[in-house]
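Right after this note come the structures.
In the two complexes that follow, subunit A is the common piece, with subunit B as its partner first and subunit C second.
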Partner chain A sequence: MAYNSYLYIVVFLGLSLLLYYVTPKRLRWIILLLASYVFYCVSSGGLIVYLLISTVSVYICGLWLGKIIEGYESAKASTPKEERKALSEKVTRRKKLVVFVALLVNFGLLAFLKYFNFFADNINVISKLLNLNIAIRSRRIALPLGISFYTLMAAGYIIDVYRGKCRADRNPCRVALFLSFFPHIVEGPFARYDQLAGQLYEGHAFSYKEFTFGAQLIVWGLFKKIVIADRVNIVVKTVFASPSAYSGLVVLLGVLLFTLQIYAEFSGAMDIVTGSAQMFGISLVKNFERPFFSRTVAEFWRRWHMTLGAWLRDFILYSVSLSKWFVKLSKLIKSRLRSNTGKIVPTLIPLFLVWLFCGLWHGASWKYVLYGMYYYVIMALGMLFEPLFSRLFAALRINREGRPYKALQLVRTLVLVNIGMLIFRAPETKTAFSMLRSIFTGFDPKALTNGTLLKLGMDLQDYFVIGAGGIVMLAVSLLQERGFSLRERIAEKNIAIRWCIYFAAIFAVIIFGAYGAGYNPVDFIYAQF
Partner chain B sequence: MDKLLEILEDLKPGVDFALEDDLIEDGILSSLEIMTLVVELCTEFGIEISPLDIVPENFKSAQAIYALITRIRDED
Partner chain C sequence: MRDTKAKPDISGVTAFIRFVLFALTFFILLTLASRILIPKSNRDLLYFNAGGIFSLPKNSLDYVVIGNSNAVEGFSPLDIWNGFGYAGYTCGEPWQNTAGSYYMLKTILKTQSPKVVILDTDTLYERKSTLTSLENDLTIAVQHYYSVFRYHNYWKRLSITDFLMKDNYSWHHSDYGHMVLTKINAYNGSKYMSPTDKIQKMTPQIEYYLDKIVNLCRDSGIALILVSIPSPTYWNMAQHNAVTQYAASHDVKYLDLNLNYQDYGLDWATDTRDRGEHLNCYGARKVSLYLGKYISENYRLLSHAGDSAYEYWNRDYASYYKYISTSAPSN
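The block that comes next holds the complex of A and B.
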């Protein structure tokens, strides 16, 4: 059930909202849980069993952890001070074992369902190279909806209980609802237990403001998805299907339009799901913050898919960097290497794992590993050469806070991000390199005038809609960047103006949406992870 | 405190860490620099910093970082 379908918006969401608000407040969580399981079953059928395994495993392991922590708290008071450290270490070992069990179950399932064929293919290649007689047959494995999302949220819950960020929940329904909540299970945003579980469980009173603001956000998300993303999809598909048939300029256009597509689509999906949750009075965390205004690639990743970045930081970067063995290793590295490098290398090691995980999380292929490594190399080089750049800019008296330099940084980030998008969308690594090469070597401006652009699946009217839609998106982003809340401003207008704006937005989606004859329904890209 | 200021100045030369009171909001320390700093603090001061301690309030100024180190040492 796609978030942009009539079935979801009119039937499913409409009915869920109606049932939610007519049910007594204290029982409203039941409607959310039922709706979430119905949504999952309609979308993924019997594969719900994997979601249930994840839910039960983290629930039980959470309780187990909670028991260990409670036991420690009560034993601590009666333990002499000098014995407390030994007790704490013993308890930590037991807690780690429980976390290990929970992660093994959850990541084990994810590894099997999503990565089995990838590992099998690679083992077969290695075995062939080494003349070993090992051959693993590929399997047709159906991937449960949202497994990459709910697995990370389940792992996050267990690690948060381990760290003491939240308490183990005794209520299995609350854990089940947190993992299955229908607005976030398909594409995120990644929620944290302490931030969301309570909100989902408490019944929210109907609020006209939350309800209408949520509905507006859904319309805005639909605009980005149906008017922009689905329209450019035709050109993107055409160019990426046979890039060698086109000149560098057309390939460049295909890459730029893919960047526009994935941003409009993913951020649009986030608007739809955040708006859906808001209509129930539930606030989901932000996943995008105008990423294309970033001055550096690191900043881009703090503003693009923010909750994935936060998950990777909190659960991989921190877990590795702050572990005892790693601190010892850092000490060793520092003593062996020169001052600056010695300081940076201990950050570069866990950062490598972060980007490897990030790449593989996006998909089971070497292309995604390259995608992760591409960003890792950019960030690592940036960190290693920063002292050199600082000295160079100081010597050349270049003001790094001046407008010209900031503008250059924006352009540089845009270029680097587009190369990343090219790697991400290209059918395979080899094609990504050849496309990149063609942009620089086969750049033929004639494509602008010889009608090629009109043979890619979009006519002049489509380009006009994309241009106008892009300007609207840019204008909204610029206003938000300056702290202007569009929805608050519209809400201040009188009823006639307000509804004129609402109808204009709804009709823009209906009239200019890329659906119906000539358009195939386009699945959300991130829903396939 | 002197040792901490030395580490900070080494990490980001040219910043007056004794006076700066919002290293995060003012964009002086990025998240990766904070991570480099945290590893430095662990190795130099022999302390264990919990991921829960890595929040902006604990890293907004040299004083806040020093208070964090002192608290962790006292807890040990």
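The block that comes next holds the complex of A and C.
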């Protein structure tokens, strides 16, 4: 069930809200659980069994961990001081075993369902190269909705219980709700148990402000998805389907429009789901913070898909860099290498794993591995050359905090991100490279005047809508960047002005939306992960 | 975390009143937008050539055919006119499902009062998931009541004259909705409609809308005939059995033209345009004449042959006949 469908907005969300608010407060979380399971069943049918396996596995392992921790707490008091260290080590080993079991079940399922064919293809290639008689047949495997999202949330829950950040929940239905909550199961944002669980179980009183602010956010999300993203999709699809048929300028336009599409679509989806949750009185964590105002690629990734970045940081970067073996290795490297390189190299190792995981998480193909490695290399080079740049800028007396330099940084980040988007969207890596080459070698400005741009699936009015819509998005982002809360400001206006703004927004979506005759419904890109 | 125990910012009664007023204003604006953003020519209304029905004199049709591309390409009102003097129109839309047929019929009944409605049974089997079908049905219903959801893109063609001039519903489709295709691409597949007891059930939402069509026809005094237009690709015996069962239990006539196609001379070597998916105009002629005979034998329809008010039918038939007689079949 797509978040931008009539079925979701008019029927599903409307009925869920009605049932939620007419149910006694203490039982309201049960409505959310039922709604979430109905949503999942309608969208994914029998594949719900995988979600159930994940839920049951983390629930049991969570309880098991809780028992070990409780046992340790009570045994600690009666254990002599000299034996406590041994006891602690023993308990840690047992806890690790439980976490290992939970992760094995969850990532094992993800690996099988999402990556089986990728691994099989690669094993087949290797066995052919080595003249081995191994051939694994590809399988048609249906991917359960949101598996890449709920698996990471399930893993996050169990690691948080292990780390003592939250207590294991004794109620399996509550764990089930945390993982299946319908606004976040399809494409996030990744929720952390300690941040969200309490809000889900608490029965929220109806709040006019939360309700209307949530509805406004949904309209804004629909505007980005239906008016902007789905409209440019036509050009993006055309250009990426046969890039060799177009000059570099058209390819560049295709890449820029894809970047606009994925941003408008993904952030639009986040607005719709955050707005949906807000109507129930639940706040989801932010997933975007105006990423195109970033001065560096690292900053871009702190503002783009923020909850994935936070997950990778907390559960991969920290897990590796704070592990005993890695601390020892870091010390060894630092003692062998010169001061700056010695500091940076130990950071680069866990960072490599983070970006490898990030790339593969996006999809089971080498293209996504390259996508992850592309950002890794940019960040690694940035870190390694930073001392050199610092000295160079100091020598040239360039003010790195000055406006011209900041503007240059914004443009540089935009260019680098667009190259990343090109890798992401191209059907294969070879095509990505040839498209990149054509932007620089086949740049022909004639495409601007000879009507080519009007043969890509969008007419002049479509370009006008994109231009106007893009300006609205930019203006809103600029205001937000300056700490201006648009919804709060509008809410302060008198009712006539407020309603004019709301109706203008709603009818902009209805009238200028790219849907219906002449448009194929466009699935959310991240919903396919 | 938000303070959820805080009192609502405005009272429940005020919130309710605001909600009702907002919804009311929204629906008024939707109605207004639906009035403005609608094609001013009937050429652009509905799909295929269905909009042509609005150019015909009110209550001038004896029967209408509703369905998808199977109906539009497989049924020729002009041949029925020539053979029996009945006036009809084929109103079809691509991939139309039963919800689409139901709302199409409701739209037709605003200007026409046919005695017979022929429903193409291919609309009873959607090749889509339940979720997609549900979404489609909802979309069709929303579009029927608020046409701005269907014609919203008309803003691109909106001009000042749209507000000053009356709607122009004079575009006349001279083949009465029929898509006349001379292409021949033979069906060389195996024999179909092999006997079986299997029943390929219709989905509940299809049956729901089929019931609505049956009731609408009954309430309007219209005879409904379910007709399976020949198509080896899309039709089979299990579907036939399901429709037979439905028709029997709802006292509706059902005619499966796949069973006896040899009786009325249909030849899969010459009468299909795409290897058995759809009929071409040669196949459509045979099907239409057979159906016309069936209607004349089972329903008391008045022939308009010789009626001066229907003279344009003769002119249209003459040009249609000339076209199919002189056009060389293409491959």
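Observations, loosely collected:
To be clear about the criterion, the second predicted complex is superposed on the first by the 529 of 529 C-alpha atoms of A that agree within 3 Å, B and C clash if a C-alpha of one lies under 4 Å from a C-alpha of the other, contacts with A are read in each partner's own complex, and residues count from 1 in each chain.
The working rule: a contact is a pair of C-beta atoms (placed from the backbone, for glycine too) under 8 Å apart; a residue touches a chain by one contact, two chains touch by 3 or more.
Not measured: the values here are computed from a predicted model.
By the touch criterion defined above, A:K209 reaches subunit C but does not reach subunit B. Subunit A is touched at more residues by one of its partners, and among subunit B and subunit C that partner is C. Contacts of A:G198 after superposition: subunit C is touched, whereas subunit B is not reached. Of the two partner chains placed by superposition, A:F100 touches none, neither subunit B nor subunit C. In the superposition on chain A, contact of A:S330 is made with subunit B only, not with subunit C.
In the superposition on chain A, contact of A:F484 is made with neither subunit B nor subunit C.
Counting contacts as defined above, no subunit A residue meets subunit B in one complex and subunit C in the other.
Looking at the complex, you find that subunit A touches subunit C at residues 1-2, 5-7, 10-11, 42-43, 198-199, 202, 204-211, 281, 283, 459, 461, 499, 502-503, 506-507, 510-513, 515-518. Residues 10-11, 13-14, 30-32, 35-36, 38-40, 42-43, 48-52, 54 of subunit B are the ones that touch subunit A when the two sit in their complex. The residues of subunit A lying in touch with subunit B in their complex are 163-165, 298, 302, 313-314, 317-319, 321-322, 324, 326-327, 330-331, 334, 339, 343-344, 346-347, 350-351, 379, 383, 387, 390. Residues 1-2, 4-10, 12, 15, 22, 25-26, 29-30, 33, 37, 47, 131, 134-135, 138-139, 142-143, 148-150, 152-153, 155-156 of subunit C touch subunit A in their complex.
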